[in-house]
Amino acid sequence: MKLESKVPSGPIESKWDKRRNEMRLVNPANKRRYRVIVVGSGLAGGAAAATLGEMGYRVDCFCFQDSPRRAHSIAAQGGINAAKNYQNDGDSVYRLFYDTMKGGDFRSREGNVYRLAQLSAAIIDQCVAMGVPFAREYGGQLANRSFGGAQVSRTFYARGQTGQQLLLGVYAELCRQIAAKTVTMHPRTEMQELVVVDGHAKGIVTRDLVTGAIETFAADAVVLATGGYAPVFYLSTNAMGNNVTAIYRAYRKGALFANPCFTQIHPTCIPVTGEHQSKLTLMSESLRNDGRIWVPKRAGDKRDPRQVPEEDRDYYLERIYPAYGNLAARDVSSRAAKRMCDEGKGVGPGGLGVYLDFSDAIKRLGEGVIRERYGNLFDMYERITGEDAYQVPMRIYPAVHYAMGGLWVDYDLMSNVPGLFVLGEANFSDHGANRLGASALMQGLADGYFVIPYTLSNYLAGQKYGAVAASRPEFRQAGEEAQERIRKLLSVKGKRSVTSFHRELGKVLWEHCGMERSRGGLTKALEIVPAIREEFWENVKVTGGAKELNPELEKAGRVADFLDLAELICHDALAREESCGCHLRAEYQTEEGEAKRNDKDYCFVSAWEHKGPGQKPVLQKEPLEFETVHLAERSYK
Amino acid sequence: MNLTLRIWRQRNAQERGSLVSYEAKDISPDMSFLEMLDVVNERLIAKGEEPVAFDHDCREGICGMCSLVINGLAHGGRRATTTCQLHMRHFKDGDVITVEPWRSRAFPVVRDLVVDRTAFDRVIHAGGFVSSNAGGAPDANALPVPRDDAEKAMDAAACIGCGACVASCPNGSAMLFVAAKVSHLAHLPQGHPERAQRVLGMVHQMDLEGFGNCTNHTECEAVCPKEVSISHIAKMNREFIRASVLEA
Amino acid sequence: MSRFARLCQTSIGAKQVMAVTGLLLFGFVIGHLLGNLLVFAGRDSLNGYAHKLRDLGALLWVVRVVLLVVFLAHVGSALRLWRLNRAARPEPYAVEAHLVTTYAGRTIVMSGLLILAYVVYHLMHFTLGATNPEYLKLMDPKGLPDVYRMMVLGFSNAAVSGVYIVAMILLGFHLSHGLTSFFQTVGLNHPAYNPCFKRVGPVAGVVIAIGYISIPLAVLAGLVK
């Protein structure tokens, strides 16, 4: 299979203009005759549904939550990047493009990333116009901050709730279209299958989560904007409902899954307190500006941290990386923390945590200054742990945060299945092997507001509207597949709960395919995961019935897909014999533990092709060509 | 610690529900309230009983999905806390905890502790937006917004739409929710062109949905996990009077 | 439909009616109290004041009709909103708990209904002469209707005074929540003035109740005879 990125030729600054000028348009009078399905209502899906509705298409939008306002984009705290250069500090489209490429460790597609940087400014304009209350200066101008180690201040923010405010803006626009009847919203509805007719994506099968009814929807194109799959690790900073089901089932219908092993780990999360833990809460990385990270020198030292004298403490980041100290890159500091805990020096219940100590900063600056800078984070920490971090050091531990991998898409954000478009975190396109802070929100909105309106129209212009009806046998067949799957899950009637399998899977994946991966570990994981899956299908216990609100059944369907995905992730991690971005292969690192890339052999996107249940997926490669940037060693030293 | 839970069980919207008692043994004070329910559910599953259905998603206090009335108080009644961030250390060994769904005519029970809050969406459909199509926006700095106005707008916009205001109001009123959106957009110049039709439309829809009206108990403000102030209700009242009296 | 009727049909519009009529009734309550307190200035002052009021003739009737309309609007609107609020929460919580709401706030409809019942009795007692027709025949030495005597006679009855005192305590309760609510309902909310708005209801409630109650107490104590 030859993967064509369809990135236009010519200078990078004019590629998107060139592409837009070539694209076909749909006659305004005909737009209302085309139906489009959008699955997901976060920044990417919500913006796409609202904008396509504004354009006049008839849109059906689906989400599994009770309202489109709850999509997990809402939880993004930090901000959104845009190359506005409002601060006159030397920012430009090129710099944002370059930072994103470098952040992704040169494993993303130049053309896509450049377009993202170009569109970033229009996103801010659009969001302000729809009433997003971004932070302002006293003169009324927009405020910016520097974020994630960037050397310019290009991050726009709304307190620590930027994702929420952007999502509510998108939600409001979506509501306007729902009221205008261009968009029909289907909340509490989950996609079960993609329907492919004559090679084109022409519909989906859904389950109404309240009544359990299986329904089919036919359309002229399908847009998936279903977010990331970090909960494959069981514990992550993602919402409980985030899942891979929509894109995984599209993968089973022929869409390629790109770079599945690229999953980002965030170093500053509140640690696990026990087996009951269901989710991890992220705390802003800015804490590392003033906190010092340490563990006791002696393994198993269970003393109160305040009683541990200076000489018994190991400020390991300061010791190993003297130049960067506590501000060492995300993946470097995450791995160091894990290593300390593996050596038995971890602190807190379960021994999975390291101290982030503010006592020196409080001594130096006074509690007032620390309270002013981080007061709300300290409050949140206290709400969750019951500890006062002004008195006792905080405990932190890394957690899975974001999935850079996703379905393979071309420059138009269309997958290899014509008519199937994939937006936001669900696709693989813009973040390479690691995502820069404050770029996820940017990508979701760029895809939904400014890319899909053009590229989808271009596709539809070549299609006869309403060409495929839901009466086609492909729909009935996909509906039966969905029914059969549910019947199978309910009929196992085994002994173990769905969650117990999910937890077990998460531990294996975290251990062998988390922050550090090795040939041995991955090979082992590839033995364990299929065994867990096998047991799942023989011994899972799903209570309740198919024709009612049944959260256990929903979970079971998602975990079944995670079990498959986990194997795919391990295959991908094993096949990529280099370290890049978040993907650190133990065999390929420098002495300081920095990733060692192999540009000669691995400068490609790994796109996996499903070959049927039980078959090993086949690796397809899209070579990455760099016309504009020079591949440089990533070094934050 | 060991607790006794009295949980509202209701099979679906049609059947009657009732409180059912469960023993929750060996609960860790580090668990969140929802993790405690997870544990109870796991044990129910092990016994072959149906677990308790409840809404939840982000579990970090921002999505607004979780919605439990705990001992008569929405989200348990702790300051600025959603149910998902309420931790068991605030309870004592031997406590009897009653868990009920949001109660409101406008929020019918779907199952157990899950309610249907689409009434909130319909209120937003009636005007909770700025009509601004993608593509035509002027430069973001073209329209300065005084910092104080932006901050006040943000105070209101912080609403997560969980519905605790309705659940806690003795009148089942949604005034705080509706006011948060009206006030957010009324504080920004972008919201001004549509301010009259927005407040009239949203209040009309709020009444149609069967929410009660405000008699200034201020329970809503006290339980609001985002501490949205009732000053926004006063702002909405002003907007409403202005629109009713002045607009054509 | 007229703009006003449309407004009154919405919940917020009905609340505006409550607020505005409530404020007018509060004005009446103050005026009535000030008039009544003339009882402490002696028979001539009170009877003279009452006479002047009756001399207003047609204007008095205008005031009476307006008062009646305002009163009915206040009560009617309250009952309608109360009914809607009851319907909005058809199923009560098994455990009822509150964080901040006041007793006066929760019982405002009850206190209002009891005050309504009292007002009916009060009118029959003193104004219409339905319960005690002899009151209306009392004349003072100057030949004016003897309101002073009527008060003293009326409140000499401990049961009548008791009912009156209870009603005035309820009125105080009613005002303590109602008056403070007034500001919020008409949109007056400002951090600088909110503490004042919050206090004005309870303070006014206490002052008004004490003012009214002082009269039967004075009569019973023999200070006014």
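Here the chain labels run A, B and C in written order, and each chain numbers its own residues starting at 1.
One rule holds for everything that comes next: contacts are C-beta pairs under 8 Å (C-beta built on N, C-alpha and C of every residue); 3 or more make two chains touch, one makes a residue touch a chain.
These figures come from a predicted structure and were not determined experimentally.
**Student:** How would one label the connectivity among the chains shown: line, ring, star, complete, or other?
**Tutor:** line
**Student:** For which chain is the distance between its Cα centroid and the global protein Cα centroid smallest?
**Tutor:** Most central by this criterion: B.
**Student:** Name whichever of A-B and B-C has more C-beta pairs touching across its two chains.
**Tutor:** Comparing B-C with A-B, the pair joined by more C-beta contacts is A-B.
**Student:** Using mean C-alpha positions as chain centres, tell me how far subunit A is from subunit C in Å, no decimals.
**Tutor:** 63
**Student:** Round to the nearest whole Å and give the separation of the Cα centres of subunit B and subunit C.
**Tutor:** Centres of subunit B and subunit C (C-alpha means) sit 37 Å apart.
**Student:** Cα centroid separation between subunit A and subunit B, in whole Å?
**Tutor:** 27
**Student:** Taking each residue of subunit B in turn, which ones touch at least two of the other chains?
**Tutor:** None at all.
**Student:** Looking at the complex, which residues from subunit A come into contact with subunit B?
**Tutor:** Going by the criterion above, the answer is residues 47, 50-51, 54, 65-70, 72, 74-75, 84, 86, 122, 124-131, 133-142, 158-159, 161, 164-165, 168, 171-173, 175-176, 178-179, 185, 187, 210, 237, 239-241, 273-274, 276-279, 281-282, 349, 379, 383-386, 449-450, 453, 497, 499-500, 541, 543-544, 548-552.
**Student:** Mind listing the subunit B positions that touch subunit A in their complex?
**Tutor:** Residues 11-12, 28-32, 34-36, 38-39, 42, 44-46, 48-51, 53, 55-60, 62-65, 80-81, 85, 87, 89, 110-111, 114, 116-118, 120-121, 124-126, 128-141, 143-147, 150-151, 153-154, 157-158, 160-161, 184-185, 187-188, 190-191.
**Student:** For a test of understanding, state which residues of subunit C touch subunit B in their complex under the given definition.
**Tutor:** Touch residues, subunit C against subunit B: 3, 6-7, 10-16, 81, 84-85, 87-102, 105-106, 108, 177, 180-181, 183-191, 194.
**Student:** Could you please specify the touching residues of subunit B with respect to subunit C in the complex?
**Tutor:** Touch list, subunit B to subunit C: 6, 8, 19, 69, 71-73, 77, 98, 100, 103-106, 168, 170-173, 203-204, 206-207, 210-219, 221-223, 230-231, 233-238, 240-241, 244.
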